[in-house]
Structures are given as C-alpha cells and as structure tokens.
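Single-structure report; data block below.
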Amino acid sequence: MSKLRVLIWNEFVHENIHEKVKSIYPQGIHEKIKTELISCGSDFQISTATLEEPDHGLTDAVLSETDVLIWWGHMAHNKVEDTIAKKVQSRVLQGMGFIALHSAHFSKVFKLLMGTTCDLKYREAGEKERLWVCNPGHPITEGIDDCLEIDSTEMYGEPFDIPPPDEQVFISWFEGGEVFRSGNCWRRGNGKIFYFRPGHETYPIFHNKAVIQVIYNAIKWAAPQGLWLSSLAHVPVNQAREKIEDRGD
Amino acid sequence: MSKLRVLIWNEFVHENIHEKVKSIYPQGIHEKIKTELISCGSDFQISTATLEEPDHGLTDAVLSETDVLIWWGHMAHNKVEDTIAKKVQSRVLQGMGFIALHSAHFSKVFKLLMGTTCDLKYREAGEKERLWVCNPGHPITEGIDDCLEIDSTEMYGEPFDIPPPDEQVFISWFEGGEVFRSGNCWRRGNGKIFYFRPGHETYPIFHNKAVIQVIYNAIKWAAPQGLWLSSLAHVPVNQAREKIEDRGD
Amino acid sequence: MSKLRVLIWNEFVHENIHEKVKSIYPQGIHEKIKTELISCGSDFQISTATLEEPDHGLTDAVLSETDVLIWWGHMAHNKVEDTIAKKVQSRVLQGMGFIALHSAHFSKVFKLLMGTTCDLKYREAGEKERLWVCNPGHPITEGIDDCLEIDSTEMYGEPFDIPPPDEQVFISWFEGGEVFRSGNCWRRGNGKIFYFRPGHETYPIFHNKAVIQVIYNAIKWAAPQGLWLSSLAHVPVNQAREKIEDRGD
Amino acid sequence: MSKLRVLIWNEFVHENIHEKVKSIYPQGIHEKIKTELISCGSDFQISTATLEEPDHGLTDAVLSETDVLIWWGHMAHNKVEDTIAKKVQSRVLQGMGFIALHSAHFSKVFKLLMGTTCDLKYREAGEKERLWVCNPGHPITEGIDDCLEIDSTEMYGEPFDIPPPDEQVFISWFEGGEVFRSGNCWRRGNGKIFYFRPGHETYPIFHNKAVIQVIYNAIKWAAPQGLWLSSLAHVPVNQAREKIEDRGD
C-alpha cells in the first residue's frame, strides 16, 4: 500500500508577528507538527502549505494528491479565499480526510462542512485541561490512557454549536469550571472529519507527545476508503431500470 | 398561544415564463400553498415572499417575525444573494423552522445548512411516486396512511448527498425503478429542518391534499420551541465558575 | 387538550432501609418528585408506582394510560421482572416518553432501549457538579441559565457506554476532575427518551428547584405525539401496490 | 497483519427440513457463504457454527477469537439461549464486528443491539429487488455499481423499526411497490454492526456474486480496530485527578 499523503495547512501569521509564538514554533506550527509526526515513527508522506502561498498552497493538483488535510488557523480565517474554502469542502465530500485543530473551529472550511455557527465560549488564562476518552477502543484513542492532560492552555467551553457528532471521542474538563466536546467525528459525503481542540499558539501544545499521538491516530482514521465524485445526474427515460413511458410534458 | 407565523418563499419565475406552470399555478406556487393551508383549516398567520421583492422579501424585520419558513426554488437559486441566504441560515440556527420543498434541495440556504453537495439523480417522465411512511407515529405523518401516492411527477433518485437525517420520515419508490429519501428531519443549532421531495412545478403536486397535509404537519413540527442567539463569548478570568489564577502570557 | 399523564416509578428500597435517605425523602423519592412537580405549577395528572406493588405497579392498564414514565432505581434493578421491563420498553417504542434519572442508567428498561452496557465511572465524595447547557434553546433547558450547579453529589464519569445521543442537552463538570454526558435525548421507535444524571438518594437533589425544572421540561418534551403499534405485517401478493405475479415456490 | 477471523453462524434448520432449501444449499447457508468468500479471493480465516452445536458453537473461547460474526437465522430465533445471545451482544460492544443477514433482523442478538422491535412488512412472491447505493464511496459498496439487482426474492418493506442508522449504504426498491433500508451501519460501544437485507433461504441469493462482494466488503469494514472491555468502575476519592475531600456520608 502506498503511503498516506498528509498535507498540513497553517495560516502561519502568529509565528511571524508574535514573539512568544515564534519562540515556541520558530518554523511555524505546520513544521512542528510535521517534525513530530515524523519523529513518532509515522510512515506518511507529509507536505505543508500556508496562507501566503499562491492559492494558499491549495491548488487542484495539490488537493487531488492529498489524502488527509490538517488545518490550523486563527486570526486570518477571513483571508482564506471563499473559492478555495469551497474547493477544499468539495474534496472532503469526495473522500479526503479533514482534521480541524483548535481555533480551526472557526475556519471557513470547517464552518462550511458543519453548516452551523461553531460558536463557543473561551478564556485565556493558562489553565489546566483534561480530555477524557469517551470510547476507549476507538482508533483515534490508541495509545492514550483514560485521559490526556494539558497543564496550561486556553479554555473553550460549551455551548459548542455543531451538528451532533457521529462519534464522541473526547470531552474536556477545565480548571476554571467548563466542559467542551473536544474530539468529535463526522462523516459528510464520503469524507471523514475530526475536530480536535488542543493547539493554542501561545502554549507548546504541539510539543505534547500525547497530542501528536492523537493527530497521528486521526490521520489514519480519516484516510479515504474510496472516492465519490458526486454530481447532479440526469437519467434519460430510455435508461430507466424499469421500462416506463414518458408521460411528462 | 399566539398563531404560528409561516412565511412561504417562492422564487416565482417558472410561473411567469412557462405556460403550463402558469396554468397550474396562476398566482404562483406560494399562493397555492397558502390557499391550501388555509382551506385545510390551519390556524397559521401566513405570509409570502418572492425573489423579485427587495431583499427577496427576507428583511431582518420579516425574518425576526417568522416562525417557520417554507422554501421553493428551482431555476434561480443563484439569483438569491449570498448575504441573504446566510442570514436565513443564521435564523434557522437560532430556532426558526425551515421546510425545503422539492428542488429546494439545491437552494443556497439548504446547502449551507447541510454542508454537503445535495446532489441526486433525476428524470422527468411523469412517472408514479409512492412515499412510504418509515415511522407511522411521527407527527409529520399524522393523517397519512402507510404511504402517499403521486400519479405523475419528476423522479429524484439516490445517491442523495446529505448528512444522515436525524429522523427518516418518508422514502420514495418510483415507477422507473429508483428510490429516494424523500422526507428527512434534521436539527441544526436550535432549528428544525424538514426536506420534503414532492413539488415539481409542471405537475399539480400542491393540489394534492395529502401533500398539503404533510406540509401542514411539518410546519407544526418545525415550530421553534425557544431561541438561541449563539455567539462567540469571552469569559473573563474573574468570572470563571471556579477560582483560577491567570497564568497566561 | 387533556392533561399529560405522568407516572413516577421508584424502586423505593433505600428510603426504607437507610436512615439518611429516609430523612431526606420520608415519603420516598417518587412522592418528593410528585410534590415538587405540583408545587412548580405543572398541570400534569401524576401517579406513582413502586417495585413492591403487584406487577411493580406497571400493569397493562396503567401503562396504556401513561404518557410519560419517570424511572428511579438503584439497588434493586434485578428485582424488576424481565417481562415487565420488556413491556415498558415496548410501550416506549409505541410512543410513551421515558425519563431515566441518575442510577436508572443501569435499569433494565434503559439498558434494553440503549442496547449497550451503560457502564460508567463513579465516586461518592459529596463533590460539586456543574451541568452545562449544550443547546440553550432546547425546550428541556427552558428556565435554566447557562449551567446548573449541585453543591454536593456522587460523581459519574466518562466513558459512558451509550449510543450517540440524538441531542446533547447537558454535559457535567465534576470537582474531582471528571466529565459526563448528563442530559441526553434519543428517539427509539416512536418514543422519546431522556437520561438525566442528577438524583442520588443520599443528597437532597430533588429538593433542588432547577433539577425539578429540568424534569418538568423533559416531561413536556417527551410527551407522545402519536402512537405507532408496530407489528410484523404480511402483505399478500394481491394487495401489493403494484400488480405482480406470485413467482415464489 | 494476521488474518481476520470470521465466524459464520447459521441456525441450519431450513436446509434439513425443506427440500427446496436443501437443493439450493446442500451443505447449509453457512458453508455456501464460506465457499463463496474463499472463492472470491478473500484472505480471511473462516469458521462456521450452528444452533445444534453445544452452546450453539458460541463458547467464550470461540467468541474471544472471532473478529467478525455473520448471523443467519429465521425460524429458530427463539431456540437461541438468552444467555448466549447476551454474550454475543457483549462481545460486539467490546469490538467484534456483527453482520446480520436478511431474517436476522429478528434474531435475539440484533434486537438486543438495536433496542427496538425491528418489525417490518414482508411478502413472498419471488419479485425483483434493486438495492441502490446511497453513498458510492463507502467501503461496503466497493466493486458495486450504482445498484445491485436480485431477480427473485422475498420483499421486506418499510416501516422498519430500527434506530436511525449511522450510515445509510443501500435502500431497496421492490417490484411490488415497496422500499426498504437494506444496508445499514451502526456503531454500538466499540463494535460495528451492518444489517444487509438479501439472503432468503428459498432463493439462491448467496449464489449471487454481488451479494457476496458486499458481505466481503462488510467484513473488512466491521473488523475491530481496538478493544473496549467496559466496566462499572469505582474511582476512590484519593485517586481523583483533582484533589478533593470526601464530603459524603
């Protein structure tokens, strides 16, 4: 079997304008995730793309050769072209896996796929988060014990305005008193979608081995298992499966 | 209890340019549905709106006073302004009911709410359709026997690219050999959505009492039961439910 | 419209053998819930039934006149007759609402309806619980702010082995660090099912007005909207909707 | 990777008492499915078991070494011991795949997993069935074109009283005018469940290569991806993730 082709997309803005973020992710969040995925022994063919590249690095050619797309964005969601966001949505519906990290809950692609506001509560106080496994045998939780702890992070709280997940993999507990559905699976068209909450830019979240393990697992889970190039299809009367007369006008 | 406020939206184009459609729906599909809903004894406060009105008749004031919006469109989906389609989506997520009829599977609002292509097969041969009730006790099927027959109509066939319905109310059988999920319920945000397949413009579908009965039932089912004005909400550290120190940067 | 007929079922064992429980619920948990529902101004016709009554108070006649059944049980789940548990399941599938409180996650009826183990984590330390509203416009949350707090209670924690809820209404945060899906809606057959976590016997949970408010709301939500007496139904060849020849053996 | 361990269970009664069934399946339906799966080039380790074996051939040892269980039963559902049916349910929840064929909609195991009546309509007239693919990219549809036709079979019709499937793979059209959800996926606990309608005993359904192809695909889809030995788990106060005092009684 050929290697899974993974594309890590990062808006790559914070890292250039915010000293603390730069110190945590000197080559950018995308490069850090790539490095960590490689060092955890994955056998993926990994590429990266960023906002400032032509077409945000998401040309038809690139998308047609991507099995799973990982998305990180925060302050520049609106700089993503609508046409490109829709093209990505379209590829997901055909079968490409899509993993939205943290603030990507507000990315154009994720919101297009969900159809809801994706609103939530938030607070940035460097508090503790604990993600509980809701289904211990799920492939996305492989290698994770009954929970995953992050010492210091931003809080996201319910209500999280999303369609009911097909599978609830993680729910988070926060030190300040909130909860959040933090690992959620959906299928849309032929594509698999995973939202994973961890990943704030001013905390070294992607230095956490357990977080990388979940992303690694999610990539394998989201891998396409077939392609569905859906279309509005006309069926002429003489090709109906049962013989019928045309009684239309 | 005050009356349910129902708004019937019709693009109202076919009826002006196509003689057969005009003969079946001289005042337009919207007026026919309104008349039928009234004559079946409903106690709704019914309004109508069409594409050519300013803001397509869907101003903020109108939407804020609508409980359930019925949508019919076919050849002019693209003439609906994106901003207005998004405003309607937004109202549905807050709690307004939304009923998409027939070719409204391709309306901007419905596609925004689903997040999928909403593609399907079709054929226009005036063939027979039989909608089977999948859940005989569901309020949307009240007054309908085990199925509902339409002598002559356009065919829609699977695959219908939609998210899995929360409730499957009807599935259609077609004379030419196809099947279709023709009565589908979803909740998104705080709103209830019903897709109902019958309704082609060149057949007198909305003259059919059973079709009107289902629309009547669906209006009552989709009525808002509360309002959720979701928003991205910041929770300051000193308003956290549990006392925490700000350890952020 | 006639009054909703609510039946509150309680195994009524703890109250007779445990002094602390007796002091909190001298007439039993069922009578306390009844009293509170009445005093919050509800317009229900409320009955009660307990384990020790003949047929556990759940005769065919009683069930046929019940719109919504509330269930509390803990230490005597196994004393409920299988045939009666199945009869209740059957009524729910026909349309009777079913509300399972707290330890009723392990009741025979709830487990039969879910089809899963309904296992969970637990700890009894009198800790704080905070139930967050996941969908603020949902009728079950009417009158509840963004969360509902219980000062001192038993903990239930994930993983909770249930089928994915159709609607997630509440998720709980616990002082000791766990989370739990504590307000869950399902539809099965024609019936609506609500699981609500609060209700431990050694804490005065049903003295809490907000808890009673949720139960009140859930009763209205779970009210049957029609009846479906499902059956295995033979369709003779000569009653097929389309004319066919019998080509069977 | 080691081979998938597939167990084909058949009640094996019809084949012994009904001449026509014996002529179509001289070694039994289980042996025919096994032979066909082997001849289509599958790389499974396939066993069989039948009702008359001790423990119906479903001992703890056998179940613990089964990855995917295929079930065929019709006239002897009630002869399956309740304890064994519950043991099988339990294994499915832990992660074993379960494929219910045709009349297994009424098997004890399937009904336990669904929690509903699983009632449906039926007619035996040797009529045509056409199963339409609802999601062309789904792994269970691999190698199947847009539909799968069976010339002569028993009819099953809606309403089919099941919980909403997580994924709708096939919907059937029948010559006599009915429709049926004939390929349905669910996840329960950690297990994957597929119901597939084809398979009546008096028609040579399992001689049909496309039917075997779907079963082959479904086995691969239902393969366990991990194990979840769920249990009711006590968390002592001193093992709480957050330090708490015991304030219980």
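As written, the chain order gives the labels A, B, C and D, with residue 1 at the start of each chain.
The rule is short, and it goes like this: contacts are C-beta pairs under 8 Å (C-beta built on N, C-alpha and C of every residue); 3 or more make two chains touch, one makes a residue touch a chain.
Every value quoted in this text rests on a predicted model; they were computed, and no experiment measured them.
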Quick one: which chains contact subunit B and subunit C both? A, D
Which integer distance in Å separates the CA centroid of subunit A from that of subunit B? 30
Report, in whole Å, the distance between the mean C-alpha point of subunit A and the mean C-alpha point of subunit C. 36
Expressed in whole Å, how far the mean CA point of subunit A lies from that of subunit D is 32
Where subunit D touches two or more other chains at once, the residues are 130, 135-136, 157, 159, 164, 166-167, 177-178, 187, 189, 228, 230, 241
Chain adjacency by touch: line, ring, star, complete or other shape? complete
Within their complex, state which residues of subunit C touch subunit B. 94-95, 130, 135-139, 141-142, 147, 149, 166-167, 187, 189-190, 224-228, 230, 241
Counting only contacts in the complex, subunit A reaches subunit C at residues 130, 132-136, 146, 157-160, 164-168, 171-174, 177-179, 181
Applying the document's contact rule, which stretches of subunit B touch subunit A when the two form their complex? 20, 89-90, 93, 106, 112-117, 119-127, 152, 154-155, 157, 159, 161, 163-164, 166, 175-178, 186-189, 202, 228, 230-237, 240-242, 244-249
